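Here it is: the structure, laid out below.
Chain IDs A, B and C follow the sequence of writing; residue 1 opens each chain.
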C-alpha cells in the first residue's frame, strides 16, 4: 500500500506539538530543559542536544487558545504591572501555577538562554526567572546598532567572546564537551532553514498569493522552535514547493473569497483575536502578504562561523537597528509584494516594535502614497483590543485603498 | 567660613532655569555643550574634549510635538526629551548622546533624526552582560565614542586631559556621596526639595565649579549644630523624583530623604572608582562594579538586599518605590524586591507617576497614608 | 462635639459625634470638591442638631478636597479614615473595599483601627464609580438603576476591555449586536468587581470584609464582589459617610490626646 504523503500543514501542526512533547519527555527522563527567548542562538542548545522551549511561543499559543487572560491576572497579582510585555506576564503567571488546562504544557526549566536583540524586556524578564528559580542563565548581549551600517568589529568581538563564555557554561552544566564539528553542522542546517523560510514566505509576492497571510503566523512557530533541525528545513522546502504548485495553478489564498487587496502587517499578531482579525480581513478580501514579525527569524548568515552567526543575531532584527533598516525594507516591499496598503498594530506589549511606527508610516506615505491605518491591540492580553475600533479602521483602509485603485484606473 | 545658604540659593537658581545656567556657563568658558541622555554616558570624555556635558533628564513640559513620533505609553522622561528637542529648547547643544539602557531609550535614538531637531546623535551601547570580556568591550566602545566625538566636533582628546577630567568627576562623585550622608543631620535645611535641587544642579554646571560649591555647602553646614525635627525618614528608589508638586508632598509630610537609589541621584555617584588603570579603564571598571541598578543586567538582582541595607543603615522608617510610569526596567524589579523587603520587615510604598505631574491628589493620598500608618 | 468632614471627588459628607462617640448627625450630598457642597452639608448637620460651629471641640477633614478646605483643625487621608470608621462599626473587620468616584481602594486592617496595608487603582478609571457612570450613561439609566437591571440578567455580557474609553465602544457595539441592556448592566458591575478583586488579591484578603463608598449602595455590585472574592461582605447602614465618621473619630482622639 502506498503511503499518503503528509501535507506541510499537517507536518507543521505535528512539529508544533512535538516541541513540547519532546521537552516533557526529556524532563521526565531527568534531562535538563532550557527556556529561551524568541530569537536566541538555539545553535548552542541544538549542538548540546538540550531540549529547548520558548515561553514567547507558548504565550502566543496561550493567547490563541484563550488561556492567557487568567495567567496574566496571576502575574499582576504578584505585583507585575499591566504595562509590561504580556508574553512575560503570561510566563510569570505560568511559573506560579505550573499547569494549564491544555494538552500542551511547558516543562519547568533547568537553565535559561536569553538574547537581547529583540528588546531589553527579555533581559529583565529572564533576569527575574533566573533569580526566582535560581537556575543558570546564558546570555548573548547584542549591543544596539546605533550605526546604520550595523555592528562594529569590537561589538562582533564582544559577542563572540560571549558565545565562548556560554559554551563554557554549557560544558560546566552538562559535564560534557562541546562538539565544534557538530556545531558547524547545526549552523549550516540553521542557515539552510533560514533560506528556505525566506523563500517560502516570499511566495506571497505572487499575485494572487496562494498563502493566506496568517499562514505566516502559523508556520512561524517552527522557525522559532526548530530552525536548527533538518526537519524544519525540509518542511519549509515542502511548503515552498506546494505553494509554487498553487501559483502555477493560479490559486489565491481562499477558495470562497477573492484576493482584492494586499497588505503588510506591521507588528505581532493579536493572538487572542487571531481568528477574528483573520476573518475580518478575509471578509473584505484583504490578504496579508508580508509582515515584519515572521521576518524577524530571517537569521541567515554568510558562513558557519561564530562571527557570522552573532552578526546575524545582532543585525537581522529590526528592533536592534535604526529606523532605515525596516523602512527601506518596507519601501522595497511595496513593489515586490504589490502592496495596496499597510496595517500597523500598536501593540501595548511590544514597545520596540511600536516606537518607530509613526516615523515609518509617515515616510512610507510620503514616498509611496500607500494608505495605512494604526489600531490598538495586544499580542496576548485579551483586554486591550476593541473589535469595533479594529473593524472601523479596517473599513477606512478599504475605502482608501479603493479610492487609490480607482484613481489609478482613471490615470491609465 | 562659606555662606552655605547663599550657595544653596545659587544652586537652586540653576535648577529653576537650567537653560539659562547652561547658556551662561557656555558664555563664561567659551565652550560648546553636548546633551547627555540618562542613565549613564561617558561625560568624562566630553569634558576632556573641552565641551560641557549637560544632563537631559526630561522635565515639566506639555507633550505635544513628541506625540507625532512616540505613543503615549512611552515613558514620560523620554517623551519630554524628544519634545524639548523638537521644540528647540536644546538648540544650544552641539550633539546629544543617547545610550541604550532600555527599549524606550533605543526608541529615542531611533526617532531623534525624524524629529527635525537639527541636533546630531551620538549613540553608545553599554554592555548589559558584564562577563569579564565586557570590560575590554566597554573600553573599545568608549574609544569608538571618542573617535566619533572628535570627528563631529573637530576636537582632540588627549590622555592627559582625560586623566584630569576623570579626576574632576571622581572628586564630584565623592563629594556627592558625602553630601547625601549629611541629610539626616540637617533635615530642615536639606529638606527633600532642597536636597534634590542641590543634586540636580550638577547636570547644568561645570563639575569642577559645582564640586567647589557643594564642598562649600558641606563645610558650612558642618559648622552648624545638627537640626532636630519630627520627621519621617525614607529611602527613595526609582528613576527620579523631580516634579515640584511631588517634592512638595514630601516636604509637606515632613519626609526626609535619608538615602536614595534614584537613577538621577545616587546611582550616578554611589560606586567609587578603583585606584589602578588608565582613565578609560577606571571608567569601564566603575560601570562593571555598579550594582542594584534596574537598567543593567545583574542575575543576582542585589537591589532588594541593597535597599534593606540602606533602610537599616540610615534608620529609615520606610522605602518609597517611586515608579516612573511605563518604565519597564523598574516594573520588572519591583515584585522581586517587594518580596525581599516584606520578608525583612522593611515598610515599602509603591507609587506610580509620570514625570510631569498636574493633579497630585492621589499621589499625596498614598504618601500621606504611608506616613500616617508607619510613623 | 466632634466633626468629621469628607470632601470627595463627586460628593461631600459630614458626621457629628458627641463625647461618647455617638453619631448625632450624618449627611452626604452629591457635590464634590470645588463646589459649595461641603458648606451645604455642614448647614444640614448643624440644623439637624441645632448646634453651631462654636460647639465643635475639634474637627478633622479628609478626602480629595482636604488640602483646600481651611476650616478644620487637622487633615488625615481617607485611607486612614475608612480604616478607623470601619473598625468602629465592625470590630471584627480585617478588609475594607472602598469604591468611590475616582478611586477604588482595598485596605487591610490590623484589628485596632490601623491600616496594615493598602492598594489603590492606577490612574485609569476602570474599576471605579466613574466607570459605572460611563456605563450607566451608555445604557441611558441612573447609576443606581444598574442594580435593578443587572438583577434581571441571567448572564452578564463579558466586557473585556480594561480601558473605560474602549469599554464604552465595546458596550455600544455589543448593544448594536443585540445584547440585552440588563446583561450589559450585569457585565459592567462584574467588570468593576473583577478589577477591584484583582487589586484585593495583591494584599491578603481576610474576613470580615466590609464595603464602603458610593458603589456599596448598589446591591448587585456588592453581590458581584462577594461572588468574585468568595467572601461574605458587610455593608454599613450609611456606606458613603464612613470616611467622615473616621475623620470625626480622629477628631475625638486628637482632642483627648
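We adopt the following convention: a contact is a pair of C-beta atoms (placed from the backbone, for glycine too) under 8 Å apart; a residue touches a chain by one contact, two chains touch by 3 or more.
Since we're looking at a predicted model, the values are computed, not measured.
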| item | value |
| --- | --- |
| Chain whose Cα centroid lies at the greatest distance from that of chain C | A |
| Chain pair with the higher count of C-beta pairs in contact (A-C, A-B) | A-B |
| Whole-Å gap between the CA centroids of chain B and chain C | 40 |
| Between chain A and chain B, centroid-to-centroid distance (C-alpha), Å | 36 |
| Separation of chain A from chain C, taking each centre as the mean of its C-alpha atoms, in whole Å | 46 |
| Contacts with 2+ other chains: residues of chain A | 79 |
| Multi-partner residues of chain B (at least 2 other chains) | 325, 352 |
| Chain B-facing residues of chain C, complex | 64, 67, 76-80, 102-103, 114-116, 118, 120, 122-123 |
| Parts of chain B lying in touch with chain C, wherever the complex brings them together | 325, 352, 361-362, 364-366, 368-369, 372-373 |
| Chain C partner contacts - residues on chain A that touch it in the complex | 73, 76-77, 79, 82, 376, 382-389 |
| Interfacial residue positions of chain A with respect to chain B in the complex | 78-81, 83-85, 88, 116, 119-121, 123-125, 127-128, 130-132, 137, 139-141, 143-147, 152, 154-155, 157-158, 161-162, 165, 319, 322-323, 346, 348, 351-352, 354-359, 362-363 |
| Of all residues in chain B, those that touch chain A in their complex | 68-71, 73-74, 98, 100-104, 106-107, 109-111, 113-114, 121, 123-125, 127-129, 131, 133-134, 136-137, 140-141, 144, 294, 297-301, 323, 325-326, 328-329, 331-336, 338, 350, 352 |
